[in-house]
Amino acid sequence: MFTVTVREHLMIAHSLQGEIFGPAQRLHGATYLVDATFQRAELDADNLVVDMALAATELRGIVAALSYRNLDEDPDLAGTNTTTEFLAKVIADRLAARILDGALGKNAQGLTGITVQLHESHIAWASYERTI
Amino acid sequence: MFTVTVREHLMIAHSLQGEIFGPAQRLHGATYLVDATFQRAELDADNLVVDMALAATELRGIVAALSYRNLDEDPDLAGTNTTTEFLAKVIADRLAARILDGALGKNAQGLTGITVQLHESHIAWASYERTI
Amino acid sequence: MFTVTVREHLMIAHSLQGEIFGPAQRLHGATYLVDATFQRAELDADNLVVDMALAATELRGIVAALSYRNLDEDPDLAGTNTTTEFLAKVIADRLAARILDGALGKNAQGLTGITVQLHESHIAWASYERTI
Amino acid sequence: MFTVTVREHLMIAHSLQGEIFGPAQRLHGATYLVDATFQRAELDADNLVVDMALAATELRGIVAALSYRNLDEDPDLAGTNTTTEFLAKVIADRLAARILDGALGKNAQGLTGITVQLHESHIAWASYERTI
Amino acid sequence: MFTVTVREHLMIAHSLQGEIFGPAQRLHGATYLVDATFQRAELDADNLVVDMALAATELRGIVAALSYRNLDEDPDLAGTNTTTEFLAKVIADRLAARILDGALGKNAQGLTGITVQLHESHIAWASYERTI
Amino acid sequence: MFTVTVREHLMIAHSLQGEIFGPAQRLHGATYLVDATFQRAELDADNLVVDMALAATELRGIVAALSYRNLDEDPDLAGTNTTTEFLAKVIADRLAARILDGALGKNAQGLTGITVQLHESHIAWASYERTI
């Protein structure tokens, strides 16, 4: 099994609903380091898991659509608790859709899985892993 | 598959018995960075893997019980080689017991696994993964 | 010259006013890693720059007063551009005031300077250094 | 499942053939951080996954044979695209051969897998995982 | 004193002339993490040390002119030992020239110094600091 | 001003005397990441601050003399509080002595200062800076 990972980051505001969130029920924000890992059983003819430049471009586009926003007002996310683990799934699912759309090239049809890990601080992070 | 990880640290003295350990047979010590990862197939109603504040509190308690001690004199560990990989298991098993006790809340009943990773330096680390 | 540094983190929402800030004019947020460095010419009788536990406690208190908030609505900060470099100064000045108040102990009277560094992502950080 | 990881680094020159590589088709180079992870179901009688000193020595030898070279002129690699993911496999396979040769000791016969991860920068890394 | 730092990276091939360099006399390469720090006594009217987006753009341009190349064949560098500390100076001097050209905006006229730090691995780095 | 830094690590046991140290009065231990920074106004004829291989070798020797020991029983340190900031000075002073002895080569006579930074965990570190 091979993997390739590219890192981006994301800065957003949001609030979380429910007593379990304590002070995070207030409007606050976070920088998330976003690590997108692409999995594949065998390398392609160029000895690649995925075209890293294309992968980085697509991840940057998905991150840019979320960045510098209040997620409480994002039409796709309003009314949802945008926890770190949930946001990892949002980004992984959007990346998977781009792969299926062909945006990462023919090469990317051989990918078998994606993991997205979000660091919210130096002491806490979350991830979501899915097949393609 | 979703995961959430929280980080703590631990400072202990110990010695390791057996020629294979070379200079580490002498009494010395270590700072371990302790990363506890909680796994779960689906998020709960709050969009959480686990209550991160409770998880951090329980990890802190387990780490505090080991911290600032000579493990060679710890009643539970004396006579055992407290290697990094073994200590990862000690902490994972204690966390699993707390989850089963309900200390991480009802929410935590949906957890399926724990991984504990201990960094002993910038060039060496170890981990133990188990089911719950 | 000796220094000691302790790290905390801070999660806030804010917006920045002025065209120069581009998309950061919108309400968004950040996690800041906060590194507070204490400087001193000679160690005290305990071979310390500062009581690290007290220093960490005071830093935690200053950070907690800012955390999980929208800084645009903070009475002390509203109407000000809370850039990373400006927030470094806010925290350094509040720490200096606590030192002068005696909150870090008699020991801390020998401190000669403070530097606060705030990481806003893995690719950008800022700092402010001042005397005491 | 237990793991132990040791880190080395590697500095090489190379070029990559194919339009997909853009400017990396030119002769350039990289520092790779090399993390070799050894997996095992149960600890041995010393409470070890592997003799960490031997593992580090063997990894250092494999890395030294590649270091400070132009991989385009390495007899074993010339004519091959030495992508990060491919080099992860080269190193993992050489480590596996050393384990089977007995170079990591009798202890290492219980190892079940190896993962090699190569960081090429703070924003990109790759890995290869195999059984033994 | 305030500072702001932005990070980029650079991948090059080169060789170093002189017995002191041992195996690094052979053609090899490196990834350098490039941290450019801008210093200033007082913040400007926007509460900034420097327009971070412009600073990042200029650093990216300077890094791109060096990236994915064999520095032994760069007309400006051929015949020179491009050690890590020397490259830190090359990048700092080019950034200073851009500041004096006005490329970082009027705002940047208040800058008093630049430090460039280059990490060549997880165990070695170098820096150069200069006034403007 | 130029600098070069090399990193080593150190694992020791010790205890600290005085109520101010709380639980660290008990015998415990630490891993210290040891960053030794060498300063110099101008590069030498090889474009170097210092022979990095020699610098690393000398640092390794100084660290090895302290490693895998109980510092409470070290003849040079017994009866002294071996705080992180104090150990930074011990290592810096030993490095300075080696430079003056000529162990880092003629090249090293141009060095003007040394800083030693010791990380004791991901949330605390200390340093000592001196002239040569």
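A, B, C, D, E and F are the chain letters, set down in written order, and residue numbers restart from 1 in every chain.
Here, a residue touches a chain if its C-beta (ideal position, glycine included) is under 8 Å from a C-beta of that chain, and two chains touch if they have at least 3 such contacts.
Fair warning: this is a prediction, and the values are worked out from it, not measured in the lab.
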{"item": "Same vs different contact residues, chain A with chain C, by half of numbers used", "value": "same"}
{"item": "Per Cα centroids, the chain farthest from chain A", "value": "F"}
{"item": "Chain pair repeating A-B, as identified from D-E, A-C or A-D when over half of the contact pairs by residue number coincide", "value": "A-D"}
{"item": "Distance from the mean Cα position of chain D to that of chain B, given in whole angstrom", "value": "27"}
{"item": "Separation of chain B from chain E, taking each centre as the mean of its C-alpha atoms, in whole Å", "value": "41"}
{"item": "Interchain centroid distance [CA atoms averaged], chain A/chain E, Å", "value": "31"}
{"item": "Where chain D touches two or more other chains, by residue", "value": "7, 122-123"}
{"item": "In the complex, chain B residues that touch chain D", "value": "18, 20-22, 80-86, 88-89, 122-130"}
{"item": "Interfacial residue positions of chain A with respect to chain D in the complex", "value": "1-8, 43, 46-49, 51-53, 56, 107"}
{"item": "Contacting residues of chain B [partner chain F, same complex]", "value": "7, 9, 11-14, 23-24, 26-33, 67-70, 120-123"}
